[in-house]
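Here chain A shows up in two complexes: once beside chain B, once beside chain C.
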Partner chain A sequence: MVIERPWKRWVYFYIPLTLFIIGTLFPFYWMLITAIRPDAELYRSWRAVNNTPFWTLHPTLEHFRDLFEKTTFPYWLWNTFFIAVVSTGISLFCGLLAGYALARLKFPMAGTLGTSIFVTYLVPPTLLFIPLADIIRNLQLGNTPWALILTYPTFLIPFCTWLLMGYFKTIPKELEECARIDGATRFGAMTRIIFPIAVPGILSAGIFAFTLSWNEFIYALVFLSSPERKTVPVGVVSEMIRGDIYFWGQLMAGALLGSIPVALVYSFFVEYYVTGLTGSVKG
Partner chain B sequence: MKKPIAGGTNGAVVVALPHPRTRHSRGLTRFLESERLLAALLLTPTVLLLGMFIAYPFVSGVWLSLSDTSVGNPGHFVGLHNFVKAWDDSIFREAFGNTVFYTFWATIFKLVLGMWLALLLNRSFRGKRLVRASMLLPFIIPTVLSTFAWRWMFDPTFSVLNWLLYRTGFIVTKIPFLSDGVYGMWCAIVVNTWRGMPFFAITLLAGLQTINPDLHEAASLDGANGWKRFWHVTWPLLKPVTLVVVVFSIIQTFSDFQLIYVLTGGGPANSTHLLATYAYQIGVATGLLGEGAAISLFMLPVLFIVVWVQLRYLRRLEA
Partner chain C sequence: MTTRRITRRTFVKAAATAAAVTAAGRAPAFAQGTKLHILRWVDFIPACDVELKKQAADASKLLGAEVQFEFINANDLQSRITASVQSQSGPDIIHMLHNWPHLYENGLLDVSDLADWQGKDQGGFYPQSEAYAKVGGRFLALPHSIVPGLIAYRKSWFDEIGVKTFPKTYDDLRAVGTQLKKKGHPYGQTLGHTFGDAPAWAYPLMWNFGGQETDRSGKTAIDGKGSVEAVKFMTAFWKDACDEGGLAWDDTNNNRAFLGGEICATLNGASIYIAAKRGQEKIKDERGEPLVRDIQHARLPAGPAGSWSYHTAFAHGVMKYTKNPKLAKDFLKWFHGQEAFGRWFEVAEGFSVGATKRWERHPLWTTIDEPMKGFRTAPDNSRTMGYAGPPSAKATEVYSKYVIVDMFAKGAQAARPEDAVKWAAAELKKIYG
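For the complex of A and B:
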């Protein structure tokens, strides 16, 4: 590598990186500090002399208590989790089969189908939420978890298919051919040879899909109406602001707790997530 | 039916022997041996779901946009009335302009900062894995929740940023972060950049890691400085992945909803609406489904161009 003087390393590396770290993480720190700060300190004038905005000497859990006693937050957590898991499962199932078919099988229209699945991948939910709301109403699915479980796969399946298709293409064809010579059926070769090898790819797609559905907002906002049916993002937005008043302590406590599950999943599977992320844009 | 083996380590051993159960379902087996039939079977769930919840809503959205449907009123065909009406609406025009402005600046910031961060993360230093993992947090945490943290940081009365700027002597009066349309738009761009920059950084980092270090070695032996090495070695090799990331980011930013919905709600006085938030306000909050659908369809031409560029590019890569 190129040799560098220490001061250059500071100017070109340590200082910018530190600024990036502070900028990236400060809002999360602020979330945490707000969540454990008593109201008396939260709403203190910004010019007050005794203002110590970056820490608190009186940490409290009252906001978390309020969150569980005054709102249906536990329901939101469970709903979000349930919907994310089921829609991820459906999408993985569909993406696995479709990805295999597109990567390995020869059939008419294969190219067209591949392209159209890729195009649906690029269709943003905000383009379709109004007609979808109408369709969901007509199917009598409004205000049920199924409204989301059935619609989340629309943005998850194309992604899973795309990622897994790429993964299948990296597996040598000879593996399957050997199995077929040994008497395995085509279907058997797929499920017993290829799918097990693709487990890392499946895991990447699954983790990524899970975080995407945990993050989804507009469908959940439009399709759900009763407070106990909502997901965390929608519940926090619509149930925790009464009138024009923001209960910031409670809001930040909810934001923190609503982020922890997805952050945990992420921290256990960082490498898989990164593979999914970089794979999601690979041509 | 047979289930996939979960572990996968002994998969090869199992298949090396003819499987007894396969003999029982001869008809099905032969059916699945045909590549076409198997492909049709494997693609059915995907095609059904995507057809039902993407293709059908799309067609239905186009129909809605050509009708005066509202909640509880089936509506009649009105031609392009909704599109003309939207175009004559000053709020719509402002929302359209905002969307372009927001997408343009946020994408540029994300690209520049993301590239910078990727170059920093591409060096070796202690704690690299931890830093890289934590840099992705803004992208992982649900946007709505982190945007609330930003909204609180931009609070008109209790903003910590105002406090910081005041104490360090940069300002004497508060900055009206979200209570002014122009500031509000820039705040949204900042938050969007904060959220999307890690996506750029990590995907560009993956691209950087595929570049052979010998190239840099050779360039520096030839006397190229850091900037020249970036411009003549790194950038040309990174261009393909950059284009793809930019396309994805443009689509997501152009169709953004949640960030504005939480940060400003389109206010003050409708000055920070994007197409998606305005479509929501008209289509869902007001209940004018036809007009709302027309407004969101205005996104289509831009998305179409972007997707077209992307597909053309992919084709060229394959060729």
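For the complex of A and C:
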């Protein structure tokens, strides 16, 4: 072991780790404490003697109740889930095939094409939403979930392709070649040999794609108009911010509930996710 | 078997009867399935949006078309307008704030005929409503309402230092603010990049000391004595009287600071008072009494050149791409009419006032809470961004880049007032040329 003395362990490991954990989890704690804090405390002065900004002695579920009773939050949650799952599925499918082709098949300009695909991921949605609005209008998909299911892959497919292409390159070609010698077709080798080995990479691409779809704002704002068809990020901001009045309790309750599915997805697949990002198949 | 012969006469009779029955049952004006989509901001007063949903149902029956409101955050409206204009699809009618009709001139239909009717019907428009909606002599949006900004202040804290009425001049405000800050009750004012409260303070401060963004011909004219004097005042006022954290505030912070008992006064719409009133069981002062009882409103004080304010004007624009221009105009005529607007106006409880002067005489003002009565005639002293020139798209660029606000923020951060004004003049030169 490199760190021998206890103080070194504290200075180089435990203290930085503690600070990192506090820094990472504090926003979630703040979200939770604001969501269960009664309005009287939310409006209390920071200078007040009885102010307790970091905890509450009178927790309440009033903001959660308001969120469910006064808004169409359950619809927003379902819409977000449905759109995120379908667009992630489409993007993963396309990303798998494109990533495999770019990593394995030899054709002219394959490298340039791979870089170009990644560059398209870097085009900001704030520029793309205007031409995409035109396409959505022509297809008459405005104010339907399909408007987002069609547009989200425009940034998800390049990302999945790029991530999976990198992952496929780390898988030894010999594995596939052995299968081909044993009589497998290219498609068979791809689906039976390569894809099962690439599960960590596929899962990390999927988790990333799901998170990006779940949190997306500008396309959802532009393409959906009916209150019951909105997604969580747009619905919460539209209904809980009224000019210069922020309904902090409900906003934080909405943000907290909206982040739970993403947190669950991460917690279930965290090991695959780490392997997928750090790379590779150990030989 | 006998057969009845249908003569031409019986056919005409039957057709006429059917038409009469149809007409009695529902409005025949538009084809079945016709929809009208109106995009508006989410109102500060939730009950106003509830009222609009009821009005949508009424309008649907009356016009024989499906009328639907959509409400989104004010800050997101421009993204939607841009996408709609570019793709030539989207809401038929869109809520316009400030001078947006000047910005979206090419995407809006001429509604001068409706504006003529509304102006005559309701006592004439306030000047800023007309200036913002009228582009090149044509009304490109129909003025709807104005959200005035007044200074909300804590009566009891002003009383404690012997001040019974709100200061009438900026110098008096500075003197009173200095005393209150020493007692731990600073004045709350944002000078951050935030769409409402910062410009609503900064523009009038410049005007009231004699400064102006442009001259009447539209040439930049900010580099003058009036602007320098205004920045000098801001520098001193900030240090002596203000909560100095305000440089980083957005539109919400002063609401929270006021309701939390941290500041003695702040420039705002009526949202502070209304929030305190609706939450009076929860929002209390330091004595445990509902805070709403200790709130009063006052106009901005006067400077050497007058007492002007900036109030936000709202209008409705009919989009050029709409497939139902007649329906949209028919709807607006009904929606801006005395009956429908009156219902909405009453629900707004003085937070929003009319774009026309008729609404100053509405019975609401006799029954409304005393502190809200100042909002009745508040819009009568508003100037427009870009003053003394026209409220052009360039004036919006100045507003969007917070040039005037930043000029004062530089003063508050101890830059020489002359340098702050010179910087603003250089920025305006880049925009106006």
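Quick note on the criterion: the second predicted complex is superposed on the first by the 237 of 283 C-alpha atoms of A that agree within 3 Å, B and C clash if a C-alpha of one lies under 4 Å from a C-alpha of the other, contacts with A are read in each partner's own complex, and residues count from 1 in each chain.
Following the convention adopted for this analysis, a residue touches a chain if its C-beta (ideal position, glycine included) is under 8 Å from a C-beta of that chain, and two chains touch if they have at least 3 such contacts.
Just so you know, these numbers come straight off a predicted model, no measurement behind them.
Enquirer: State whether A:75 touches chain B only (first), chain C only (second), both chains, or neither.
Expert: A:75 contacts neither chain B nor chain C.
Enquirer: Please work out whether A:267 is in contact with chain B alone, chain C alone, both, or neither, and reply first, second, both or neither.
Expert: In the superposed model, A:267 contacts chain B only, not chain C.
Enquirer: Which one hits more chain A residues, chain B or chain C?
Expert: B
Enquirer: Now for A:211: first (chain B), second (chain C), both, or neither, which partner does it touch?
Expert: Touch status of A:211: first partner only.
Enquirer: Answer with first, second, both or neither: which of chain B and chain C does A:237 touch in the superposed model?
Expert: Both partners, chain B and chain C.
Enquirer: Thinking of the overlay built on chain A, is A:146 touched by chain B (first), by chain C (second), by both, or by neither?
Expert: It touches nothing on chain B or chain C.
Enquirer: Figure out whether A:43 sits in contact with chain B (first) or chain C (second), or with both, or with neither.
Expert: Touch partners of A:43: chain B and chain C.
Enquirer: May I ask you to decide whether A:222 touches chain B, chain C, both, or neither, giving the answer as first, second, both or neither?
Expert: Touch status of A:222: both partners.
Enquirer: Just checking: does A:130 make contact with chain B only, chain C only, both, or neither of them? Give me first, second, both or neither.
Expert: Touch status of A:130: both partners.
Enquirer: Identify the overlap between the chain B-contacting and the chain C-contacting residues of chain A.
Expert: 43-47, 129-131, 133-134, 218, 221-222, 234, 237, 246
Enquirer: What residues on chain A touch chain C, complex-wise?
Expert: 38-40, 43-48, 129-131, 133-134, 136-137, 142, 218, 221-222, 225-227, 234, 237-239, 241-246
Enquirer: Quick one: in the complex, what on chain A touches chain B?
Expert: For chain A paired with chain B, touching residues are 1-2, 12-13, 16-17, 20-21, 23-25, 27-28, 30-31, 34, 42-47, 51, 53, 90, 93-95, 97-98, 100-102, 105-108, 110, 113, 115, 117-120, 122-135, 150-151, 153-154, 157-158, 161, 179, 182-189, 191-193, 195-197, 199, 211, 214-215, 217-218, 221-222, 232-234, 236-237, 246, 248, 251-252, 254-255, 258-259, 262-263, 266-267, 270, 273-274, 277-278, 280-283.
Enquirer: Where on chain B does chain A make contact in their complex?
Expert: Those in contact with chain A are residues 2-9, 11-12, 14-19, 22, 29, 32-33, 35-36, 38-40, 42-43, 45-47, 49-50, 52-54, 56-58, 60-61, 64, 69, 113, 116-117, 120, 123, 125, 129, 131, 133-146, 148-150, 152-153, 155, 157-160, 162-163, 166, 174, 194, 198-199, 202-203, 206, 213, 216-217, 220, 226, 240-241, 244-245, 248, 251-252, 254-258, 261-262, 275-276, 279-280, 283-284, 289, 292-293, 296-297, 299-300, 303, 306-307, 310-311, 313-314, 317.
Enquirer: Could you pull out which chain C residues touch chain A in their complex?
Expert: 37, 39, 41-46, 68, 70-74, 76, 79-80, 82-84, 86-91, 184, 196-197, 251-252, 254-256, 259-262, 268-269, 271, 275, 279, 282-284
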